[in-house]
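Labels run A, B, C, D and E following the written order; every chain starts at residue 1.
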Amino acid sequence: MQRIGVFVCWCGSNIAGTVDVKAVAEALKSEPGVVFSTEYQYMCSQAGQDLIKDAVKEHNLTGIVVCSCSPRMHEATFRKTAAAAGLNPYMVEIANIREQCSWVHKEMPLGTEKAIILGKAAVAKVNLNAPLTPGQSPVTKRALVIGGGIAGIQTALDIADAGFPVDIVEKKPTIGGKMAQLDKTFPTLDCAACILTPKMVDAAQNENIRIFSYSEVEAVKGFVGNFEVKIKKKARYVDETKCTGCGACIEKCPQKKVPNEFNLGMDNRRAIYIPFAQAVPKVATIDADYCNMLKNGKCGVCTKFCAAGAIDYKQKDEIIEEKYGAIVVATGFEPISMEKFDEFAYSQSKDVITSLEFERLTNAAGPTAGKLLRPSDGKHPHKIVFVQCVGSRCASCAEKGKEYCSKICCMYTAKHAMLTRDKYPDTDVTVFYIDVRTPGKNFDEFQRRAVEEYGVNYVKGMVGKVTPEGDKLIVRGSDLIANKQIKIDADLVVLAAAIEPDKTARPLATMLTASMDTNDFFTEAHPKLRPVESPTAGVFLSGTCQGPKDIPETVSQAGAAASKVIGLLQKDMLLGNPCVASSNQLMCNGCSSCERVCPYGAISYEDKEFPGPNRTVKVRRVATVNPAVCQGCGACTVACPSGAMDLNGFMNSQIMAEVDAICK
Amino acid sequence: MQMKEYKPLIVAFCCNWCSYAGADLAGNNRLNYPAEVKIIRVPCSCRVNPMFILRAFQRGADGVIICGCHPGDCHYTSGNYFTRRRMAALFSMLDFLGIEKERTRVEWVSAAEGAKFAATMNDFVEKVVSLGENKRLEDLRCKR
Amino acid sequence: MQKITKEMLIDKATELLNNGTVSLVLGWKKGEYDYDVTPGVFESVEELKKDFVFGDFSAANLSKYLVKKTEKLEGKILVFLKPCDTYSFNQLLTEHRFDREKVYAVGVQCDGMVDIEKVKKIAGDGILSVDCNGEDIVVKTLYNDDMTIAKADVLAERCANCKSKKHVAYDELLGESGEVIDSNRFDEVEKLEKMTADERFAFWQNELSKCIRCNACRDACPACTCEKCVFNNPNSGVENKSPANSFEEKLFHIIRAYHVAGRCTDCGECSRVCPQNIPLHLLNRKFIKDINEFYGEYQAGAEVGSRAPLVDYTLNDLEPGEVFDRGDENA
Amino acid sequence: MRKIVLEKIDLLFEAISNTMSLYLPVDQNDGKAAYTKWEEGKKWSEALNTVKSPKDFFFPQTEDMMEFKVEGKNIEVIDTRKASEDFVVFGVRACDVKAFDILDKVFLVDPCDSYYATKREHGIIVAVACNKPSETCFCSAFGIDAADPKADVSAWKTENELYLQANTEKGEKLLKALENVTEEATEEKVTEQKEQIAKIMKKLPLADLDTSKFGGGKTDEFFNSPEWEELSESCLGCGTCTFVCPTCQCYDIKDFNTGNGVIRYRCWDSCMYSDFTRMAHGNNRNSQKERFRQRFMHKLVYYPENNEGIFGCVGCGRCVSRCPISMNIVKVMKNLGGKENE
Amino acid sequence: MENKYLKDDIIRSSGVNPKKCMKCGKCTATCPSFDEMEYHPHQFVYMVESGDIEPLLESESLYKCLSCFACVDRCPRGVEPAKLVEAVKLSVIRQKNSNRLKADDVVKYLDEDIPQQAIVSAFRKYSK
């Protein structure tokens, strides 16, 4: 039996104005378990807290009920008070008689009656409270970054700089991501490679960073501080430790007709390749789909020319198992497919290209060595039409586009238009826009320069149809301001395709038990206050995997994610929330219902021996909750048909006792 | 017993993160709602077991309302989605057994919706009052 | 369609016992009369020859027994499963209630089971023998002349509204596996839905007041395999042994139906075993119908590992308040 | 002996109900008979017997015993027993009549169960002979004559008439009060019917069920019989058999917390349930085999041992027709008592 | 107010929610009747939304719409301007009431060269 003390707060006249606090204290005195009951002007004041502490000692209290303001206000305060008096802080319950009573009811008798009932409910609950202690778990001081684009690189660098080892897993043969494919960056127009490649080198040379390129995450187990991850290092048929990146093999490779994905298929590469000159690691990779040796055992040219003896056709996929304390997701984005937008004739004409393809066409390392030439005939285009919002803000066409704004297109289109006019002043550039969105430092100034200084023709309106006619592309669009329909016979049409999360993100989210929105962007723990954390503890978000972002924003989120990781890894032990679920294994059926509703993957199963009838032993599958992962929502408790699963601090019996007290 | 004005007993389960805070906000703004509404704090609306609801009716509640975060805003990401399915199924079943459907309700109330909280409670109490005392899910033993 | 005889089952069991595939056989044992068949375990060919029976009264769903029978089993147990039993079998596997490796499942073609109560209603009391020859049933009684009844007229409710003749799990099949049937099993539920709330209340008040809380529905139900049922657990707050009043009667059945919602395969054992003939399956079917309508067609046990609708969600699910709007539309 | 033509039977029922409550088997909407309070329009069921036995009238499934009112820290004890009034249970079969004897031996011996006794005192039983026993009947095995049920009043239903014969003071009083709706009768038709019933009884499939192997003092012989394992194998552990049984008399006493106090009530318990006779140390019968054995050992061995050889079963056949898995006392008796003889 | 009533009526009968329009002009960009029309599809949407419906009622543009549904197909927000044009047209026809072709009268205007589609279209336009 508990020895409960009841403390009714006046809150000046806030409570005492509509609730007869003396009557409440008196009424609660006769509740079962209550041995002491009093009231005071300000219970949260130092004097009020001292009153509680003294009463605990004097009356040997085991539980405390404070009838006061909302627990969201002072629950923490009174828990500390209890702890200071030597009580377990979880033996405190608050009856909310201010926000939910005195402030909303005007008549004294009504308010008093309700306050007494709320007090009784709190007493009924405390009677069933048990001391709770937060669990502890150690932290593995190593972080994993999934994705080696600018987001992943920056996060890894920041974590490594703080002294923690960090691994980057990149599915492509090199890190660098989308930014490596870009030409210039807005709004400063510095070259992407010039600012990215030093960071790639930094990452490669940093002692705390390991890069697993051409690798993928296979499986994730464990929880915050203690993740166990399986990484599949795909066979690249080249010994990374031996390859010097000299490129001799590439020159000699007879298989020359492999579409070059780095240039978005606008030119070809060999079957053995290094994606681009500044690749990190600068190691060749054999494309097994095209390599004659791997396909039918006839070739072996590269082996002959490799002075380092790095070629290894027998190489196999390798599984690396490693433990991590924190995981950062930086899986980035892809432009959406333009195949389904028939009206823009993307599939019909080579001269209708996406903006990312345009980047490669203007990039000095691109297929045209930086000369802006039409993909169809290699001629210089004199009339270029840019179309914004292709597939973005597209509510009615879920099967082809995206409902959200892709955020970066306004700025890069301005950049492309400006650069074109800068390099080729003889070119007419028209941009069709619905809105121009430039909220960013120096962004609007940038876009205005494109119009005012470079003479880019911005048309408020949308393109309705693009028709290839001869070597021209007939673009029909509307000019809403002039209220005209216009027709342009363009040489090149550039589509600002919407961006979407990388296809690998969805299976990864499942492995991490991290949640995603309907667009497959990772959900943040709180949209405003915890924007770089996933709801799954220990999983952090960096870059466009969380939503469309430009480079500065990505880098700042990468830094923020890194600082969260550093904060976590700096701890030796993690203290959990003790109000977590726990399973009474004697009653558990092992049916998996609880596991299926757990948003955190906190529940696992084990086969355990239990005493059966007549001294026999019975092995049953039963659920266990990992208290370090459980966040205490209670979804499992209701999914459990036998009631084996219960939630500390909000037990079935406690809530029912509250119901009973209220309905008396 | 003398005739008294019929006062319903309403149990409201409120999730800690949204609706309980919404109720607090209603208090902060001094928005009135009937004192017959008694709130039980739960971490998430998905903590509400159908047995709690039946228990409340057994013990004499005339209406039970469950308030949680708006879909998509759950503090625990998915709790209220489960609540939505569970309660849809349960309420439909109670209706199937002929129990007045107006006695049970799920409402999404965010921490910012103090006004909605008060309005919801006023409306719910009004509906329950118009039905009168809960006779179909009562346990007479508890009324002795 | 070929007629499945008990001899075919005995031969199969004999073969599997003799070649060491299985060490036990879970089947049906003959009783005092033609109709009181008991589920039973057979250890030897002699036992099979003596007592094994299969026919129109082998109604009991054997799948639930696997939970207990496989617990300490070395080797394998042979179980005979009718199509509807295979759904329970899968659902139990989904919930990890027994080890599939320990079971050799033989699917048995099913032509529907006969409800002896229905036979008695037609032929009268004092049944001496019931013989089935395909489509017809010959009944001999103490008080009336021998009578031939069409089997279709005395099929158990669940068989008359059979949802599937398809075996969804087996290692081997005896006879044919049919198709999922577009049955009228929700008609009764719909009839109730169309009533007013007052009529529905009266209906259920009358039905559930008959409940004697013998727990047969729960104890026979293949979805109710809890190690400790909440109604037996003194700490659950709902434990009780008797239908003390109309609240208790409802509480038990609402919670039981809720606990099996999304897991119930609609095997119909609850109604079959109810000594008071309460149409308990209607509660389960209501949940199944709702789930189908709210969240898309779902058949528990159709495949192992499927996610029960109540432990699943989509972002755009129906709101609990909309449940009733839909009802009004239908009405 | 009195009689009344069946066409006018409602007059008889009306006459009884004028002074006290009358309960009799009435067909429910599912076609099954159940004891129901008679009122105009209710028809006496043609069914052989009810699903639930009439033991409810004296030993109800749930019965409040007392109440504790809690106020603050004070507890008040309230006696909830009500004064019982006379009532008639009509249409009870011979087996169920015999079952009352069995219950009496439990509840009326010292210490007498006052809750039971009061109701028993006020209940008047009108028993009716069974014209058409079912294939599940085996009352004759326990020496019960279905043709001659011995209650306060015995009755025989012939084609057109109901014959009534008082056997006790209570019965005589009842028949006396009914004199103006009944007429004097001879025993002729009744004797005829008794003979006819006796013939049928011999033809029943269970007519030759042998009880001689069982009885007091046989604990050692049967307790460790290997047959129990197989017999109990498929038992679900539900309480159907015990709850439809007219002689099962076990109950549990439970407290119900109303929020303002506690109602202490008793309710039927079943030895088939896993928490039956659970004690502080746990359960003394913790496998279904043991629980199953308990029920049949009690009916066939323990009860006769304590009650001059009277068996605790009356052969009503309810468990035979109601058991979800069709396991029942007949199968138990046949397996235990005569396997080697087969 | 007349306009308010008219607006609600048009919105209801068309089933179009003009608020969904984000004013991109893709409908107008795609309209084959653009040159014929005084008011273009995006203007229809905007004018109905702002209640400025009178000019539309009097405009010939109503009858220039081919009902080709290109605007409906292209609209990224699912606004369906053609349905709105149709609804405005309908309200004119309703207001005029008497001045419309009866189904029975159609026959006498038919000649052998008239395309099948046009007949169907005529029915669609005039038989409401």
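Heads up, the rule we're going with is that a contact is a pair of C-beta atoms (placed from the backbone, for glycine too) under 8 Å apart; a residue touches a chain by one contact, two chains touch by 3 or more.
Because the structure is predicted, anything quoted here is derived from the model rather than measured.
Enquirer: Figure out the least number of contact steps between subunit B and subunit E, where 1 means they touch directly.
Expert: Steps on the shortest route: 2.
Enquirer: Using the touch rule from the top, work out which pair, B-C or A-E, shares more C-beta pairs.
Expert: Most C-beta pairs in contact, of the two: B-C.
Enquirer: Relative to subunit C, which chain has the most distant C-alpha mean position?
Expert: The most distant chain relative to subunit C turns out to be E.
Enquirer: Roughly how many whole angstrom separate the Cα centroids of subunit D and subunit E?
Expert: For subunit D versus subunit E, the centre distance works out to 82 Å.
Enquirer: What whole-Å value do you get for the distance between subunit B and subunit D if each is reduced to the mean of its CA atoms?
Expert: 46
Enquirer: Using mean CA coordinates as chain centres, what's the gap between subunit C and subunit D in Å?
Expert: It comes to 30 Å between the two C-alpha centres.
Enquirer: List the centre-to-centre spacing of subunit A and subunit B in whole Å, with centres computed as mean CA coordinates.
Expert: Here subunit A and subunit B have centroids separated by 34 Å.
Enquirer: Give me the residue numbers in subunit E that touch at least two other chains, ranges are fine.
Expert: Subunit E, residues with two or more chain partners: not present.
Enquirer: Two or more other chains touching the same residue: where does that happen in subunit B?
Expert: Residue numbers touching two or more other chains: 50-51, 55, 59-60, 78, 82, 86, 141-142.
Enquirer: In subunit C, what residues contact two or more other chains?
Expert: In subunit C, residues 230, 236-237, 244-245, 310-312, 315 touch at least two other chains, as defined above.
Enquirer: State which pairs of chains touch, listing all of them.
Expert: According to the stated criterion, the contacting chain pairs are A-B, A-C, A-D, A-E, B-C, B-D, C-D.
Enquirer: Under the touch definition given earlier, write down the residues of subunit A that touch subunit E in their complex.
Expert: Subunit A reaches subunit E through residues 343, 389, 393-397, 401, 434-435, 460-465, 476-480, 483, 485.
Enquirer: Which residues, counting only subunit A, touch subunit C once they are in their complex?
Expert: Contacts found on subunit A: 518, 586-593, 596-597, 605, 612, 616, 618, 620-621, 639, 641-644, 652-653, 656.
Enquirer: Quick check on the complex: what are the subunit B residues that touch subunit C?
Expert: 50-51, 54-55, 57-58, 71-72, 78, 81-82, 84-101, 104-106, 136-141
Enquirer: What residues on subunit A touch subunit B, complex-wise?
Expert: Checking each residue of subunit A against subunit B gives 70-73, 96, 98-101, 103-106, 110-111, 113-114, 117-118, 121, 515, 523, 535, 579, 597, 599, 631-635, 637-639, 647, 650, 652, 655-656, 658-660, 662-664.
Enquirer: What does subunit C use to touch subunit B in their complex?
Expert: Touching subunit B: residues 189, 192-193, 197-205, 230, 236-238, 244-245, 247-248, 250-251, 254-255, 257-258, 261, 283, 286-287, 290-291, 294-295, 309-315, 317-324, 327 of subunit C.
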